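Each of the next two complexes has subunit A plus one other chain: subunit B in the first, subunit C in the second.
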Partner chain A sequence: MNRRQRLPGQRPLVRTLALAAGWTAVALLGTFALDPFRNYQLALVAAYLCATAGLTVLVGATGQLSLGHAALMAVGGYGYALTSNALPFEGAARFVVALLAGAAASAVVGLLLGLAAARLSGPYLAGLTLAVVVALPAVASTWSTVLHGDQGVQTDFEGVPDALRRIIALEQWQAMVAVVVAAVVVTGLALLRGGRFGLRMQAVRDDEVAARLSGIPAGRVKVLAFAASSVAAGLGGAVLCFVAQAVSPGAYTLGFSLLLVVAVVIGGLGSILGAALGSAVIVLLPWLIGRLTAGLPTDAAQRLDGNLAVLVFGLLLITVMALAPQGLHGALASRRRRRPPDTPRQIDEPAPQKVLVPTEEQR
Partner chain B sequence: MSQRSRSVPAVLAVAALAAAGLSACSTPEASPGVTDDTITVGTHTPLTGPAAAGYSSISAATKAYFDYVNDNGGINGRSIEYVVKDDGYNPATTQTVVRELVQEDEVFAVLNGLGTPTHSSVVDYLNENEVPDLFVASGSPKWDQPGTYPWTFAYNASYIVEAKALATYAQETWPGKTYCVLGQDDDFGTDFTTGLITVLGADGLASTQTYSVSVQDVVAQIGAMQAAGCEVNFLATVNGFTALALGTAAKMKYQAQWVSSSSGGDYPTLVGYLGEDVAPLLLQGFVSSNYLPFSPDDEWVALFREINDEYNGGAPFSGNTVFGMSVGFLFAQALAKAGDDPTRESVLDALEVGALTGNGIVPLSFSKDSHAAFEGVGITAVDQGVQDYVGDVFTTDGGDGDVVPYTGEPVALEGDGIPTA
Partner chain C sequence: MDRLVFLLGTGLARGAVLALFALALVLIWRGARVINFAQGAMAVVSTYVAFEVTSLTGSYWLGLLAALVSGALLGFAVERGVMRFASPRSPLSGVILAIGLVMVLQSTLGIVFGPDYRPVRVPFDDSAVLVGGVPLLSPYDLFVLVTAVVVMVVLAVLFRWTSLGLQMRAAAFAPEVSRLLGVRVSRTVTIGWVLSSVVGSLAALLLVPTSLGLNPHATDSLFVLGFTVAVVGGLDSPVGALVGGVVVGVAMSLVTGYLGAGLVPLAVLALLVLVLLLRPAGLFAAAAARHA
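Right, the complex of A and B next:
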C-alpha cells in the first residue's frame, strides 16, 4: 500500500504483520514456561479470544449486538468436526482443511444471519441472535443422523506430531496451535478494522443516513462485518473442537453465549486487548472459584459448584460497570495516560449516550 | 493507536496464566496420587444440569463406601480419597475437570467417569498420559478395546450384551409378539438396537423410534408404536425418559409390555419420577436387566443399606446406590491385589490377570484381551412394587455370539465387604 493511500492512524501493512509475528513468537515461547494445565487453559483462552475478538469488533465498530456468538462457534466446531471425520488423510493437512471448512461454514451461516441482522437493530437484533443459540439443540437433534443430537460429533485425536513428540507435551502443542490461530484471527480483525472497511463500519455505526449519503453501502457493510465476526467465532469453535475432540450443543449453551458478551464488556467494549483480558477472566475465574471452594465441606462445595461462578460473574460485571465503564482495558489505558480532563482530546470524545462507541484508547 | 493491540492479547494471556500458575507449577512424580497412608482417585460426573437428577447419587454412594473402608483401616493401610468433579454432562467441561484431576489434584486413577459423550472426550487424553481409566460408567462397547485404549476398563454391561439378553428373554417369554424399540438418538440407542437385531433378526423390529434428551416429549414416538401394533417395547432410555414413555402410554390408554435397559430401569428412581401412588400400577410387570446384587434379601444389599445409613446420611436407596458402592468395592479389590506399593502398572496387571471377582451376579470378564466387566446380565421384573431377579441369567459377548443361560452362583459377600489381598 503506498504512503498516500494510507488512512489516518493506519500503520504500514508490513509493520503490522511483523509486530503480529513477533508477539506470536513470544506467546509460543511462553508455552514452554507453563505446566500442562496452564497450557490447556491458555488454549481455551486463545479459542475464546477468537470469538470475543470478533464480537468486540462487531459491537464496537458497527454497533450490532450479537448474543449468539456461541452458536456461530458451534457452527465452526461442527464444520471442523464433520470435515475432519470425512477426510481420508491425517495430520497437519487434515487440521488445516478442517479448520478452513469450519471457517467457511461459519461464514455462510454468518452471512445469512447478517442479511437478517442488517435489517434489525438494538433489542430486535439481540433477540434474533439469542434465538439462534436457543435453537441449537433442536437443530442438532432434528438432523441427528449428521449432527448426532445432544451427544454431538466426536473427532479423531490429533496428537503431537512425531517430530516434536519428545520436546512438547500434548497440552503445549494444543496451546501453540490455538495461539497461532488466534493470532491470525486477531491480526485479520485488526487489519480489517484499521483499514478502509473499518472507517466504513464506523461511519455506518455513527450515522447510517450520513454514511449512505456519502456513498457507503450501509447494508453491505453491516452484513460483511457480521460475516467477518462470524468467521472469527467459527475459527474459535474449530480450535475448541480440536482441543476437546468433540463438539456438542451442551458446550454452546445460552449461558456460554452470554458469558462471551460478559467477557467483551468486562474487557472493554470494542477493544481486542480487552477481549483477551475478558477471555482470560472467563477461563480462570470458574477455575479459581473451584480451587477456593475445594476446601469446604463436600456438601457445601457441591451446592456452590457451578453456581457461585455465575454469581461472581454478575457481581464482577456490576462492579466493572460502576467503577470502570470502559472495561478493564479502558481502566488500564486511562491510568497509564493520566490525561488532564480538559484537554481538547476529551472534547472530541463521543457523546455519553453512545455507549457502544469505543474511545481512541480502547482501540 | 488503533493498531496497538494486534497480538498483545495473546502475550497478556500468557502473562496472566503464568501469574496464576506460579503457585501450582508441578512436575509429575513416579506414582502420582499415592502416599504412605492415602491414595487419591477422582471422577467426573454430573452434579448439576439435566443429567444430575438421575446420576448424582452414584458418586455420593462410592464416597460413602470409601469412608466405610477408611474407617475400617483402609486398603493395605492406605485410606482412599475420592475427588468428585462436576462436569454437568457437558463434554467440554469434562475435558477441563479431568485435566484438573490429573494435573492439579494428581489423582492415581480416574474412577467411574460417567457418560458416553462426556467420557469419549477424555479417553484419548487419559490413555495418552497412561492414567488408569477404571470402570467407566457407560455401556458403550467403546471402552472394551485393549489394543486402542490399554488403560481403559469398562464397568457397565455393554448395551449390546444387555439388548441380546433381553431380546432372548422376550423371545422365550412372549413368542410371536410384535417387538419394537424406543431408543435415545445417540450411541446408547444405536448400540442397544444393534444388539436387539442380532437376536431378533433384521426384520425383527416392527418399529424403531428415537428421541432426543433435549425434547421432553415422546407422544409422537409412543403414538407411532401404538399405531404399528407394538406389543413388546424395548427401551434404550435413561430413567427420566423411561418414566416419560410409560406415563405417555398410560395417558394414551396404550397397554404394552415394557422391557428396559438397566440404564433406565431402576425401580426406585422411576418411582421418584412417576410418584408413589401410580408407579406400582404403571410398572407392574416391567422387565429390565441388571448385573449387580439387587434382591431385597441379598447380603450385599443389606451391607450397602447399612453403609448408606451410616455414611451417606440415609440418602434414598436405589440402584444408583448399589452401583456406586459396587464400583467402590471393585476398585478397593483392585487396589488390594495391586500389592503393598501400588503403581499404575500394578493395578493394570491385577485387572488383566483376572484376579478380581467384583460383586456381580456373573463373573467379571477382565483379562488381557477383554476390558469389559460384565458379559452377562440377569433379568428383573417388578411385581407388587418390588423389583427382583426372575431367575434368568444370560451371558453373551458384544459381537454376534450366542446368548447362553448362566447357572453359576452370584459372588458371595466375604469379610464385611472390605477386600483383602
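Right, the complex of A and C next:
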C-alpha cells in the first residue's frame, strides 16, 4: 500500500468519499424526521454551508479573507435564475444545467477577483471584496433589463418529482437537494485541500518566496484557490435561489456577507466541520432570538428585529477571535485529544448532517 | 461648462472629506499595521452623539465638540478594549475583530435609535455661491474644505515638528528600537488610534449632512470610498491620502453629475480594481514600504 506522507487532517481519497457518502445518506434519512420548517432551515444551512466551506478553505489554506462571499453567492443565484428561466425544458435537467450555469458564472467572477486577489495581502483583499458587496445593488440596477434591479429575478418553481410526490413534502425535497449539493461541494473542497493543490496552497500561505523557489506558481495557486472558493459560494447561492425561487440584491447585503465570516470564525478558521456548525448557528440564532423577542411590544420588537442577532454575532465574533481563535472546531478537537487513544477517531469532514446535532441542542 | 465647474467644486469639497477619512485609516495603518474596518462604524457613533447634543442644546458647535470628544474616547476604548487582542502574527485577526466591532456598534445604534434616516442640519447655507456668474461652492462646502485643510496642517505639524510626532513615527517604523530608546510604544499606538478616531469622526460629521441623513449604516459607503482613497494614495502615505481624496472625490462628483449617482459604487469598484492591479501599493507609496 502506498503510504504517502500526509499532513494532519489529510486522509485517503477512498475514505473521504466513503465518509461523504455515509454522512450524506444519514442527512437524507434525517430529513424524514424533521417537520417542514426544520427542513427549510436545513436547506438554508446546507446552502450557507457551501459558501462558508468555500470561505473557510480560502481563509484557512491561503490566508486570504473575503468579505464578499455574499456577492459571489448572488452571482451564482443570478446565474441559476437567468439560466433556469431561459431553458426550454423542465425538471431535473433544467435544475442541473442551471446549477452548473450558476457555478460557471461565479467561477468567472471569482477568477476576475482572484486575479486582483493574487497580488494582494489580507487587508487589501478584504477591502476589495467589501467594495464588491457594496456595489452589488448598483450592478443590479444598472443592468436592470436583465437583473431587474432591486426586485431581482424570480424563477419557476421546481417541484418534487412525480415518483416521490406521495412520500416527500416540498420542503423536505428542497432540503434533500440542498444537502446533496452541499455534500458535493464540501467533498470537492475537502479533496482539493487534501490533495496536491492543498499542499501548494499551504506552502504559498506560509512562505510565498520559499514556495516560488520550489517551483510553485504562487500567483496561479492563489487565483485558483479564490476561484474554487467562489464556485462553492456560487453553488450555495444557486441552491438558495432554488429554495427561495428568487434572487435579489436585498438578500445579499454586506450584513449577510459579514454573517458568513462570523460563521467561519466561530466554527474555527480553516475547519469545514466548523463551517457546518457555524452555518447552523447563523441560521438558528436569529430565528431563536426572533422567537424570544416576539412577545415584546411592536416598537421594541421592530428595533430589536435583526439588530439583536447582529449584536450577539458581533460580540461572539470578538470574543472568539480574542479568546479562542480556534473556534468551535478547536474546542471539539481539544476534547477529542483528551480521549483514550484506542477509541475510534471522530470524523470531522464532509458533514452537512452534522448540522443536525446543534439543531437538536438549540431547540 | 458651468456644470463642470460646479461638479469640480463639489468634488473638491467631497474629496477633502474623503481625504480626511482616508487619513484616519492611514494613521492607524502606519501606527499599528491594521486597516481599521470599524472606522466607519466608530465615526457614525460620534455623529449620533453630535446629533443628540445638537438637538439637546441647539448648538451645532457643541455637537461638533461632543463628536470629537466621543471620537477620542471611542478610539481609546477600541484600542485598549478590543484591538489589543489582535494576534500580531495574523493580519486577519485585526480585520475580523474590527468587523465584530462594526456589527456591535451598528446594531446597538439600530436598537437605540431605530433604522430611520434622520436629517442633519448645519448652520450654513447649502446653496452654491455664484462666482463670476458660475455656481461654484456652497458656504458649507467651503467650511468643509477649510476644516479639512486646517486638520491636515495640524497633523502635518504634529508629526513633523513635535516630539510626540517624532515618537509616533519612530514607534510605527521600528517599535523594538523605539522601545529600547525609551519611547512608550504602547502609548503612542493608543494615541494614534485616538487621533485617527477623532479625524474619522470629523470626516463623517462633515459628510453626513450632504448625504441622505443619519442612519446606523450611513458611513458604509464612506468607508468604501475612504478605503479606495487610501489604496489609491498608498496606505503609508498621508500626502497620498490627500491627493487620492481629491482625485476620487472629483471623479465621483463627475460620475454623479454626468452618469448618475447609481453608478458611483461601480465606479469606485472599477477604480479600486484598476489601482490594485496596476499599482497594488498605491500611486504614492515609497518602494520600501511595499511588503506590508
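General remarks:
The rule is simple: the second predicted complex is superposed on the first by the 323 of 363 C-alpha atoms of A that agree within 3 Å, B and C clash if a C-alpha of one lies under 4 Å from a C-alpha of the other, contacts with A are read in each partner's own complex, and residues count from 1 in each chain.
The definition used in the following text is that a contact is a pair of C-beta atoms (placed from the backbone, for glycine too) under 8 Å apart; a residue touches a chain by one contact, two chains touch by 3 or more.
What you see is a predicted model; the values in this text were computed from it and never measured.
In the superposition on chain A, A:Ala27 makes contact with subunit B only, not with subunit C. Of the two partner chains placed around the shared chain by superposition, neither subunit B nor subunit C is touched by A:Gly219. Shared-chain residue A:Phe157: touches subunit B; no touch with subunit C. Of the two partner chains placed around the shared chain by superposition, subunit B and subunit C are both touched by A:Ser141.
In the superposition on chain A, contact is made by A:Met321 with subunit C only, not with subunit B. By the touch criterion defined above, A:Asn307 lies against subunit B and subunit C together after alignment on the C-alpha atoms of chain A. Legend: residue contacts after superposition of the two complexes on their common chain; A:Ser279 is shown touching subunit B, with no touch to subunit C.
For subunit A, the partner with contacts to more residues, out of subunit B and subunit C, is B. Subunit A uses residues 137-138, 141, 302, 306-307 to touch subunit B in one structure and subunit C in the other.
Taken in their complex, subunit C has these residues touching subunit A: 34-35, 37, 82, 85-87, 90-97, 99-108, 110-112, 114-115, 220-221, 223-224, 227-228, 231, 262-266, 268-269, 272-273, 276-277, 280, 292. Interface of subunit A with subunit B (complex): residues 9-11, 16, 19-20, 22-24, 26-27, 30-31, 33-38, 40-42, 44-46, 49, 53, 137-138, 140-141, 144, 148-152, 154, 157, 159, 170-171, 179, 182-183, 186-187, 190, 193-194, 198, 240, 243-246, 248-251, 253, 271-273, 275-277, 279-280, 284, 287-288, 290, 298, 302, 305-307, 360-361, 363. Residues of subunit B that touch subunit A in their complex: 1-18, 20-21, 24-27, 47-49, 63, 84, 86, 88-93, 95-96, 99-100, 103-104, 116-117, 120-121, 124-125, 128-129, 185-187, 210, 212-215.
Those residues of subunit A that touch subunit C in the shared complex are 59, 63, 65, 67, 115-116, 119-124, 126-128, 130-132, 134-135, 137-139, 141-142, 254, 258, 261-262, 265, 269, 302-304, 306-311, 313-318, 321-323, 325.
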